[in-house]
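Everything on this sheet refers to the single structure shown next.
Labels run A, B, C, D, E and F following the written order; every chain starts at residue 1.
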Amino acid sequence: MNLKYLMTITAAAAVIPAMGFAQDAPAPGFDEIGPYIMTTLLFLVGGFLVFWMAAGFAMLEAGLVRSKNVTMQLTKNISLFSIAAIMYWLIGFNLMYPGDFNGWFAPNFVPTTLEPVGVSAADVDLGYASVGSDFFFQLMFVAATASIVSGALAERIKLWPFLIFVVVLTGIMYPISGSWQWGGGWLSEAGFSDFAGSTIVHSVGGWAALAGAIVLGPRLGKYKDGQVHPMPGSNLALATLGTFILWLGWFGFNGGSQLAAGTVGDISDVSRIFANTNMAAASGAVAALILTQILYKKVDLTMVLNGALAGLVSITAEPLAPTLFGALWIGAIGGIIVVFTVPMLDKMKIDDVVGAIPVHLFAGIWGTIAVVFYNADTSIVTQVTGIIAYGVFTFVGALIVWFILKAVMGLRPSEEDEMNGLDTSELGMEAYPDFTKG
Amino acid sequence: MNLKYLMTITAAAAVIPAMGFAQDAPAPGFDEIGPYIMTTLLFLVGGFLVFWMAAGFAMLEAGLVRSKNVTMQLTKNISLFSIAAIMYWLIGFNLMYPGDFNGWFAPNFVPTTLEPVGVSAADVDLGYASVGSDFFFQLMFVAATASIVSGALAERIKLWPFLIFVVVLTGIMYPISGSWQWGGGWLSEAGFSDFAGSTIVHSVGGWAALAGAIVLGPRLGKYKDGQVHPMPGSNLALATLGTFILWLGWFGFNGGSQLAAGTVGDISDVSRIFANTNMAAASGAVAALILTQILYKKVDLTMVLNGALAGLVSITAEPLAPTLFGALWIGAIGGIIVVFTVPMLDKMKIDDVVGAIPVHLFAGIWGTIAVVFYNADTSIVTQVTGIIAYGVFTFVGALIVWFILKAVMGLRPSEEDEMNGLDTSELGMEAYPDFTKG
Amino acid sequence: MNLKYLMTITAAAAVIPAMGFAQDAPAPGFDEIGPYIMTTLLFLVGGFLVFWMAAGFAMLEAGLVRSKNVTMQLTKNISLFSIAAIMYWLIGFNLMYPGDFNGWFAPNFVPTTLEPVGVSAADVDLGYASVGSDFFFQLMFVAATASIVSGALAERIKLWPFLIFVVVLTGIMYPISGSWQWGGGWLSEAGFSDFAGSTIVHSVGGWAALAGAIVLGPRLGKYKDGQVHPMPGSNLALATLGTFILWLGWFGFNGGSQLAAGTVGDISDVSRIFANTNMAAASGAVAALILTQILYKKVDLTMVLNGALAGLVSITAEPLAPTLFGALWIGAIGGIIVVFTVPMLDKMKIDDVVGAIPVHLFAGIWGTIAVVFYNADTSIVTQVTGIIAYGVFTFVGALIVWFILKAVMGLRPSEEDEMNGLDTSELGMEAYPDFTKG
Amino acid sequence: MKLIIAAIKPFKLEEVREALTAIGVRGMMVTEIKGFGSQSGHTEIYRGAEYAVNFVPKVKLEIVVSAAMADQVVSTIQTTAKTDKIGDGKIFVLDVESAVRVRTGETNDDAL
Amino acid sequence: MKLIIAAIKPFKLEEVREALTAIGVRGMMVTEIKGFGSQSGHTEIYRGAEYAVNFVPKVKLEIVVSAAMADQVVSTIQTTAKTDKIGDGKIFVLDVESAVRVRTGETNDDAL
Amino acid sequence: MKLIIAAIKPFKLEEVREALTAIGVRGMMVTEIKGFGSQSGHTEIYRGAEYAVNFVPKVKLEIVVSAAMADQVVSTIQTTAKTDKIGDGKIFVLDVESAVRVRTGETNDDAL
């Protein structure tokens, strides 16, 4: 805030005695509290937009699985969000944002507490935002990470082992690795840059999904006698809706990550981020549109949807610095990556039902590298260091957890149960009971 | 706004003549108008979020009815919102917010008028917000009340009697009882506390639905030879989408009810409300998730959805005061209530198609009672008084209206029409005509 | 910002030396930057709401086409938005907002560039908003225009010719005609008034759609042996969802068009606009509800949905000036227009799959005329002049483009391809592969 | 053995199934069909345009029973599915040469 | 009486129905089926993976007519459903022992 | 010619189709049906209420083959669709009087 300005008034005040400026403390002017209010608002609006992404993941995944596994996919999505919300409060938030702490081990597992009701300006950090809004905003990010995993492992993993993995991922793994950078840990000190989380959120989700997909194996019949047997999604309208929801939520995801909105510079930067985010999504979609037409002589809607999302993931590591043209080509490459890596994974017999690994992991890596093109303060070396650090920690960590879960309780339903679909076999409830499936 | 500060400037002004501070009146500084602008913004953003809940109810209900009644359910939902919007303008708003008036009778039925275009700061209450934003925000609440009724009575009530009930509920019943508390009526004087409307909005909707369900009777074949015959919802993806939409809208529902956002304390309180609201929904969902697994050995997605909503309703009466842990257990109990009361209603042969009564009425009562745990200024006695007052007034009032409608025009279609579904029999239009139902 | 007030302080500063006000430049107070921040925020929030309308159009159209053309409709919708985003950046924005330039020809085709990162208050127009937010907001409008066309021409136009038309419409046609009014061109000088674009956005989309529908001809079998053969939409739940999404987005569409939110008058006007917009939608829906009941003895949900949208389009040309009652009757007439013109188009053998022409063109014309009832500064003559100017330019321009496309690459698939549905014949991908269609 | 094919009104399915179980029918195949017959041809309005509905939803039952049971099954269906309104449906009887139960390989009457 | 079972291309349904009505067929049962035959086996691409489509959507007609009418019905279907492209479909004729109209109890030819 | 009607478990469809192709069956009609039989009647819980599931999803195959091939087709289906669990399904054989290929007008065995 504008100190000199305050002085003016105080000085002026001095002229007229008995005006006791001190008493004013309880009600400081907007120059002092404006930025706090605006940034808190940014977190609240950004936060509910990112919350909305949970619905986006749910619809995208429900649309891309077969009708016999839709109820299960919906159950996983709403449950994982709810569990993430609780775990992040219970230990995650304070594990991730200790400020000082570098995240290698958790000194104190303490649940999150917010500022008191009706807190006064004197008792908050007027340079930032309310703890409540910050917690609300950050919480949505960890949920996104977990959603990424559910999509990749769809149609073949039992409910409970998956949810237990979510507990570990959202309560411990994500917060620890997140603290390296956003908690002010060693990577941030090393100069790593990941504005809104191409690596910290998306690649981490992708790594956990990759580990799971490997341990779990493909859906029955997906790869038979050396051939890929596609299992088309049951509802592309839902899948498209989900993509639009994610696109919308991403404005909050990237825009809110400016972490400030109370100055001309900050709010203008948020605008820049909105514009760039939109451009990257659009170019990712168009890239996939054109590329699938060229490669397959037919446009593949599911690839266009993945392309838009890949564009979004690609720009997430640096949505501020690039020009609109920069956002365009960075996003477009994200879309291209998806079109080529989706079939590649199939060749490797890694079964990723919704394309989560190409979209979030591969495009996430690309986006993290692309930072160096527009952000002069970054170096390819530190970027790659970060990518590797998150990859090794999350992939290995996830592998271990998946193996333990497999040993202890098993990950997959019986063959017949999987064939009949998890909805009837595990939940005894169809998503579309009135409709004749064929 | 900060009076002393104004004095300062004025005084300072006095020192330097010819600066004509008076002329400044048309353009006061942000210290004066900032809170008004922020609170108005809170109402606008909160308002469009609560508007979104109308879509949430529509999707939730469309997903939980059988495919042969989906068009009807959608028609009821968009119509009831539209009617509520008109009735609340026509008489509701001024009936509910007379300030002084205690709502027992309506002295003047006058439509709502807003402030003039480009109103000047001098002509508004700078301590609150624009009438337009306030009206917009409040209007969305009455629509929510009506939506609750449509879900409970689905699949067996004719369109027009239902819509006429909506006219009475949104134009007269809700505004009158609402004025007791939010209009500054006798209950608010008595010290009743219902922050965002667990009772005033949700229980009221639930009471009206209960009265309707009793007068209407169950769907044909629901309770045959002493057995409950479930009629599974036709589209759980829509039902889940609807739940996510409602969850999102609830941030506006509870957050906007802070009714102020222009000070550090207020915006921080809104943040607290957002965080608590999210926590209660999450814990409600998790409670239902675990409980259905224990009780039925299988997770019931529809219960998890209801659980999340029950968590939201439970925290609505006091989303500010509780700690995050408080929100967690209050919401969890809401989720538990739903799991136990849904089958209970079936045992009583009260047919509630979407679980609206457990979610909005029972959890609403719980939430209103739970206020006493974190809000020292409340007493269980006044809370119960309020619950009973709203219950008696709404339930009896609704019973009377339902009986009159039944006598005058009949509530139910013919048996064969109901069997064939209201979509073809009443509207001549299927929701999913291309698909083979089975 | 408030000049006199600045003087005060400066003067006051003069009294107490050594306070060096000059140095303050980098950090001006909220009285100076508040309006800029609030208006930028208005554009960002309004912008993401209008973005959301793209999803609304996609769902509405996917719900109103037959199941065999859903994948294609979804592909068109996400692609057209992405293309619009790129074209508007590439040339559209600077073609439309040259300020001085009247848009008859484009002197310079230059891509959009935003202000630098962390721009300082001194380098922006504190009286308006950030370029980034402005661009983001305006961009969403052109996308809406293109969405209107896709709905009308659904189920029978090939993907690529449609997308090429979108390139021309969003890159050249819309920006040129838009500049006449919003770019400060001849129509604005002539006193034409179209607050948020009943004509500039909606009618323009409608004219382009009409031209396309004429050149393209109706779907096979739609008009056989002098009879209309309805082809019911495959998913009315999606269509209803789409309508709710559009309704929500419209608050940003009209509210954001106030182009200012940093004063009491502006934010109160935005509130007024929100309330009026909601009222017009509600009355449009109710009008269609009652009218279809009277005309056909049965309520037609698709008409109610169109009615709500027509109400929204009708109020878009002047959402600020009318009273709530004004919004009510203006919107209601919009709803009535739709109910009568949908069958009228069928009689003229113009096949508009989703009712885009009645909703956006006819109601758009009505809304533009209705301006004169509440806005004293407008005249019916200039309003009609504008309507005609946009009609002639867009309809003729579109006709030419459609004819060229038809000649060069053909617009329609083969008869059998159209019969089998574009999903399988053009894209080789069904939207609902698991379900038995009948 | 005989194959009995019946087209009935969907909302009668449950009742008919119960009646058949009561007389000892132990299995059947049920298919949603579009029926065309005298009932067809009523008109609907969609977005202001009248059109004839040529097909009405029906349920088709296919039941294989021993020749001895056939008549009883037919009359049971006929009496239960009856609403005396047009569109009640039809019952057809065809001869079946042989039957096999997949699980056990049992044949003919033992397979039913 | 005869039961005529025909599998045809979905987009031919309306045309065939009209042609049959024209020659006096007063009822039929229509079912959406997945057809397997010589036409099957073309390949599609989904997310970059080629796969063979083994089943193509067809519509199955089941029509019971008096023995006398059978041949005419068969030839009408055959000529109307014909597109000379592979996958046009098949027509089969089976013998029906008896028929009953649910509503009236009329039997055999009177039931049709 | 014979019409072979088989009701099998849905997840066995692909396997059975392959087995039949292997022995030279060149076409069939596949329909999703609701099956009722000894397997039926297990209970589910929906929103806390137990209910009996009377119908289980099955797939119905209809295959017309030359009389000579019939037995082989039946035994192939029986062996392939077998899981030894209740609900494996049934196979019925009916006589077909005549067949026509729509595209060419070929009749009987040539039509298959």
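Quick notes on this structure:
Methods note: a residue touches a chain if its C-beta (ideal position, glycine included) is under 8 Å from a C-beta of that chain, and two chains touch if they have at least 3 such contacts.
Values in this document were obtained by computation on a predicted structure and should not be read as measured data.
The set of chains in contact with subunit B as well as subunit E comprises A, C, D, F. Of all chains in the assembly, those touching subunit B and also subunit D are C, F.
The interface of C-D is repeated, with over half of its contact pairs matching by residue number, by B-F among A-F, B-D or B-F. Subunit D and subunit E touch with mostly distinct residues; of the residue numbers seen at this interface, under half occur in both copies.
When the C-beta pairs in contact are tallied for A-F and for E-F, the bigger tally goes to E-F.
Computed centre separation for the pair subunit A/subunit C is 30 angstrom, with centres defined by C-alpha atoms. Note on chain placement: the centre of subunit C and the centre of subunit F lie 53 Å apart, centres being C-alpha means. With each centre defined as the average position of its C-alpha atoms, the distance from subunit D to subunit F rounds to 18 Å. Looking at subunit A, residues 12, 29-31, 34, 41, 45, 232, 235, 241, 298, 300, 302, 428-429, 432, 435-438 sit in touch with two or more other chains. Residues of subunit D found to touch two or more other chains are 14, 30-32, 34, 45-46, 83, 94-95. All chain pairs that count as touching, in label order, are A-B, A-C, A-E, A-F, B-C, B-D, B-F, C-D, C-E, D-E, D-F, E-F.
Those residues of subunit A that touch subunit F in the shared complex are 221, 416, 419-420, 428-429, 436-438. Contact residues on subunit D toward subunit E in their complex (touch as defined above): 2, 5-8, 31-38, 54-55, 58, 60, 74, 77-78, 81-95.
Only residues 227-230, 232, 295-296, 298, 300, 302-303, 339, 342-343, 346, 355, 438 of subunit C touch subunit D when the two sit together in their complex. Residue ranges of subunit B in contact with subunit A, taken from their complex: 2, 4-5, 7-9, 11-12, 15, 29-31, 34, 38, 41, 45, 49, 66-68, 232-237, 240-241, 243-245, 247-248, 251, 255, 261-272, 274-275, 278-279, 281-283, 285-286, 289, 298-302, 304-305, 308, 320-321, 323-325, 328, 432, 435-438. The residues of subunit E lying in touch with subunit A in their complex are 32, 34, 45-51.
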